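By letter and in written order, the chains are A, B, C and D; residue numbering begins at 1 in each of them.
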């Protein structure tokens, strides 16, 4: 940490700052300059120190020089992490992860049929929501545990691993029982209680970036999970909130290469939420794979105009299959592969 | 709801849309125009309909014409709600609510001493955190239930009602036992599970606006609480996240008069989080009261440079007392009062 | 400037950085640490250096320690600047500046009548646009020089100084001939050519903050004007662009006390643009004065539903007069005054 | 336009609104509903009407149903526009436009050498700034007309067309004399005077999206140019300003497919400004091409650590050539080509 002190500070003022640093068990390294004096703080960093030092008289600014996360950092773990999500599927390797399915699970037939359709088009993980975060208390909030059972049926019928969102600590056991991957949604990126709890199990966790989550905060949220002992974390960029109103969210493609540079964890792109508009899902999916994403999460529904949620961003089976053929060409250009069925579908 | 249809739509295309509207049990009122056709949807609104209709062929846009919230709306409840927080303090009436105290409760002496200091300067509600949301898993996360007990002691010694943040459903009973008001923090504005649960008790709840929470989403979050039966909701504007990096958050003063226009619920201003900088707390507090806020939430610490959290935005006792004298003058100008002790302090 | 070097750098790598610093004519002060090495750059700062140093191998980050502006900085000019705008009106002193009038000048009668109405209610500077920046090329773009002449007539009839927007270097002479204050609009905050030119005259310039202008950029834009020799600069906060769609812009109240802390220049608040909604103008105007603004800029129109621009945020004469009475009470609470007519109007 | 009226409106109130609509020469089509009444406005749209109607008593909201731009709209011009920039290069066809070169032209040798290097790697248009918008008045602001002459020399030596930024109407003749394409920078997206003037010449104009420019505003800015008679407009997405501080700007990949859906104009991606970080330029360039961009604008400098501007986002010759090889593979996957030299470079 580096402390910049205003030119108005006297030697006695500098002493006050140095003593406060030493009280915290760290050493101070003072460089008196003509315009500003600079004090280097030698010793372990701690989140609260920056705030404390900023409050001292004559301190103009405090600059951190180390990253606040360790376990998620590529600095401490240079190789890519590959997460085994079960049933033969891995996230973060050469083969892309393609998670597809409906926003909400509506009934057993609906999820089983959709599972088969997305698998035929090249998806290798089935998504479906049983617990749905909705802005309005009057909207459909998901089937709950019944939905999880339908999801498990679809998994059994297709052999695909499944992912579903967990919103509440109280549902952790149920979700772990039926699902292969636990999704933490954007609104819960900083639900630290939930992060702690999914850190205590060993199920893979996919952590979505919050609507206004900075990259550093997102990685710190992942650090929460890893700090409890669960190394199986997958990141997911799903669009951020900006001033632009032409789309629901602004997909942040910069986040993909930067998250992969700063961290060893795999990064998935969600262009369905990242755009909120059917017409933009395919081009943004292609862009994300070209930029280095390790996979996609896509909302698919047989009849988007009857979907109980997120219809405006859900692809039909036909559009999803068409998207997969285009994605397959981009994947080949960046030396990534799609799963067996998808690859052959793409080659057609 | 109004549906705008593209000029390319044929009469058959319009029929498809009309039939879909009728399937939902609503009536369609069609106006064929030269450039665009417009279809009015007659019948109860529902959150998922907009999305559904947007996916229909040739639909260009769908416009909602009613507010998605009812219970929080001033349209359905024209008079101001005044929340009784106990111990003789009301939020939303002529007397301003001034919630002050440390970010985190650090020990019993600390909170008791701070309580007495802020009360002497005119605060009428004591704040203090026992459960702290922190970006980093390695930061101090609060004393938990021990902190709640210290808070209750401070309440008993001063007679002030207290407010503290609830982060987890599992801590609801403890927080209800020791605290007069439950705070839902900005990161949990859309933690819908938590909103449901605090809606089931009758304790007053102060709901902070999320870092990227739109006014409508904030009011819908309040609707979650009221929909479960708890009418005692207080709103709190605490700054939003913008592109500006000169302060931690951007206090949104527009939100105060707008929330009071749209809703009957009281609105508190938190300039400590809304600025993140000690030097800005007083002027922004004064501005918020001038703009119609029903009170303030202010972080106060005897030694901000030793605070375990949020030192950079915490006022010393002296600065808080000085701020209260300035706030008292603004309060008088807008025909609001401060509590007994504060009024006399201000008059000095 | 402080350069933070990654732990991977060898002594030879550090040498490369030190030599590059010395090439620029500055000295390097190296502190080798266990986790990171830090290099202080001793010598005059220059805007391009940060970028240059960031590109050197193993440099993790570069931190500036001095402000990039001088002439606008309170560090170099501790006393408040008071700008004499002519006709007996000063901006930045105890008396508040209240600039009011229509968005666009529509004809001579319109501006003369409005001038008299706003003056009667307490305004002391007349605003009116002759050159209008409009998003659409098909919108009304102002009367041009004819509008300036009408404005001058209104000034002559009331004795009030006037302010009008300059959009183009080609109109500088005309604007200087007819107007007392030159307004640089939000869209031109970084029109550096225009800033240079208004820096070469001595007319007072009011510089609006851009829709996405950071405080530092705003002050640097003011520095452009002062660097050309014009010391008569007034800042104006008029709302920024955020994710919130409930209002046209988000008035940034934090900017007022911060700009006044960092700079000696006066700061005006424009709640008409800062909210874009008639119902919010009065409370936000009151908040801005309470937070320390040196005055207001308010759009007023006799018939907002017939205004050729910005009707939705224009006050009628009656609402403006009512606002002024409320503002007068806040002004008194912060020991500011309104001009003669206004003061007596407020006292009624 | 559709006007939504509050339930409180009486028949007389509705009459007032209808008469105001009729005064503007348009017809009103009233549908009285149980919760809200709706009035359709029949007749030509005009930008100021929305504001006017919003100010009428009992009007809750006004919804536009047509786009405010015509000439740039794909609705009125379904085929892609291909802009001939001269010297055999076209923007918007199958062959990608790759504009590369230094941020600032520093001297003749520098620009000629860089031109040859980027051409060898596959660029087909040379970029270089002679007039530089800089946040600080103390930064290097370009060589001016001398720089334009150096640029023309580099064009003559390589045969490549050139693009350079125009900041001021006063420099229009000079820029037209030496440059093949006029660039309007992000800070000038809404410098309407400049847009008018470049609309009066026939030189191709590349219009960058502003830092906080909404898609609709960007297209309206292009409409300004076309409305003056210049059809040769190219759009350029260069990143927007968001809350994220990990990069200089947030490249908005959604904007590429949406601008191409709404408009027939070609769209170029600028990942140098869109990220501000060397390490992100290549993956974001690849993503942009995969998402449908018609080309790239890339900053290249032989020694970024000596660049007079934008060093932190400039690629060396080697990194640019490496990027082009990767881009070539993505181009092939989306059935786009690179220019002769580039294609063979890519094939190596």
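The rule we apply is simple: a contact is a pair of C-beta atoms (placed from the backbone, for glycine too) under 8 Å apart; a residue touches a chain by one contact, two chains touch by 3 or more.
No experiment lies behind these values; they were computed from the predicted model shown.
Participant: Among all the other chains, which ones are in touch with both subunit A and subunit B?
Facilitator: Under the touch definition, subunit A and subunit B have C, D as mutual neighbours.
Participant: Look at the interfaces A-D and A-C and say which one is made up of more C-beta pairs in contact.
Facilitator: More contacting C-beta pairs are found at A-D.
Participant: Please work out the Cα centroid separation of subunit A and subunit D, and write it as a whole number of Å.
Facilitator: The separation of the two C-alpha centroids amounts to 30 Å.
Participant: Centre to centre, by mean C-alpha position, how many angstrom separate subunit C and subunit D?
Facilitator: Their C-alpha centroids are separated by 27 Å.
Participant: What is the distance in Å between the mean C-alpha positions of subunit A and subunit C?
Facilitator: 39
Participant: Going by the touch rule set out above, which residues of subunit C reach two or more other chains?
Facilitator: 212, 216, 241-243, 245
Participant: Which positions of subunit A touch subunit C when the two form their complex?
Facilitator: Where subunit A meets subunit C, its residues are 2, 4, 29, 31, 33-36, 38, 40, 42, 60-61, 63, 65-66, 212, 241-243, 245.
Participant: State the interface residues of subunit A toward subunit D in the complex, per the touch definition above.
Facilitator: 212, 214-216, 240, 242-247, 250-258, 261, 274-275, 277, 279-280, 283-284, 286-292, 326, 329-330, 332-334
Participant: Show which residues of subunit C lie in contact with subunit D when the two form their complex.
Facilitator: It comes out as residues 20, 46-48, 50-56, 68-69, 133-141, 167-170, 187-188, 190-193, 195-196, 210-212, 216-217, 220, 223-224, 227, 241, 278, 304-312, 314.
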